[in-house]
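Chain naming follows the written order as A, B, C, D and E, and within any one chain the residues start at number 1.
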Amino acid sequence: MFTGQVIGEVWATRRHPTLEGFKLLVIDPHEVEARLPGGKKQGLVVAADAVDAGVGDQVIVAYGRAGRTALERGHDIAVEAAVVGVIDARSGPEVA
Amino acid sequence: MFTGQVIGEVWATRRHPTLEGFKLLVIDPHEVEARLPGGKKQGLVVAADAVDAGVGDQVIVAYGRAGRTALERGHDIAVEAAVVGVIDARSGPEVA
Amino acid sequence: MFTGQVIGEVWATRRHPTLEGFKLLVIDPHEVEARLPGGKKQGLVVAADAVDAGVGDQVIVAYGRAGRTALERGHDIAVEAAVVGVIDARSGPEVA
Amino acid sequence: MFTGQVIGEVWATRRHPTLEGFKLLVIDPHEVEARLPGGKKQGLVVAADAVDAGVGDQVIVAYGRAGRTALERGHDIAVEAAVVGVIDARSGPEVA
Amino acid sequence: MFTGQVIGEVWATRRHPTLEGFKLLVIDPHEVEARLPGGKKQGLVVAADAVDAGVGDQVIVAYGRAGRTALERGHDIAVEAAVVGVIDARSGPEVA
């Protein structure tokens, strides 16, 4: 799992049917702010929304079986990442 | 899952039989454009096509069980990544 | 699996119900100290705590089925990373 | 899945018995040539050979269940990556 | 799978019970020597030992189900990486 900020959304009319109805969010993974710039961030991730998250939210993302569990439509779906929580507080160094 | 651009295709005559009939696309993962150059992109990924995608398309890629679900040939195939959607709109910062 | 330092904690009121009761720790993966700075660290990871770890601890993190096994609530939870050990000794080069 | 070049082979006399008989190839993942040098390549991968590949070949590598499917010895083997195809043609930008 | 050098060991008294008895090795993944320095190495990995490996050995590491298969204690253990072979020969470019 990792945390990041929702920076956008993607829409696909041509898609596998099991993607229908999912909000697909683009997540920019967090890095310790003091390491930026110079430190490189992890790549962008697309995750289906399980907790009514939106652009600007700081979120927790889970992969694979864990992500599908949060989506509650079984495991025969073409999805392997989900937003499973919206962060309302954190301790530790600043992240961005 | 991630999004990227289809930049090419690969063909292999000598391959595991369960790869037969799949279009194998080379995907260049998206990064926030404002971070390029200098920021490094994730590595190239090869994914089997599940939605009639082609070179130049902006697509969504899913891994593992999720990818195979989109391909609809069961899980006893030598494939662990699939193009599951073609993006027709996105919000958020420009990506490249 | 990897080792790292616990640098913080995240709280999410809006979350998938199966996350309830888990302490969610933010882990900064270790790198060989002599390679820093200049060498880049791996990205931050969020893991559920299975061994009563806390901020400042040096820990071992396991992913997927292995992580869920340590959490002992079955595999139908929206979690795919867990802190499975607190390091009290290590040999080899210094890490940070 | 990804594509890369076979740059060598490794031999291990002391190994788990289920590795016996597999040719273990070292794969250097492809990157878009125009991004090198400066862009960093992904790390080297070791994969068991499923298609009689050898040093110098451009190949397709699959992970996990997909890789083991290509090896056709079931899933109780200590292997999670396999060479599943030898590339004889590709379109798109030059890779190296 | 990947190859690397064992650079140390970690000990954890406070750990999940299923980790008991495993030697936990710290692996520094190999990179092509001619690319170092400047090229960055992959992050350190912790793997349970399945082949009586030790510090200084060049080894093969497998993840997930493959790694647990080599450890021969079933899949209900909090481990997802194992040293599955000790390399006694390799061809190709020098690695470090």
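Some observations on this one:
Simple rule for what comes next: a residue touches a chain if its C-beta (ideal position, glycine included) is under 8 Å from a C-beta of that chain, and two chains touch if they have at least 3 such contacts.
Every value quoted in this text rests on a predicted model; they were computed, and no experiment measured them.
Any chain touching chain A that also touches chain D appears here: B. With each centre defined as the average position of its C-alpha atoms, the distance from chain C to chain E rounds to 18 Å. The distance from the centre of chain C to the centre of chain D, with each centre set as the mean of the Cα atoms, comes to 30 Å. Each of residues 40-41, 64 in chain B touches at least two other chains.
Ring order of the chains (start chain A, then chain B) is A, B, D, E, C. Residues of chain C touching chain E in their complex: 1-3, 29-32, 35, 39-42, 50-53, 60, 62-67, 69-70, 82, 84-93, 95.
Only residues 7-16, 18-19, 24, 26, 28, 40-41, 43-47, 55, 64, 68, 75-81 of chain E touch chain C when the two sit together in their complex.
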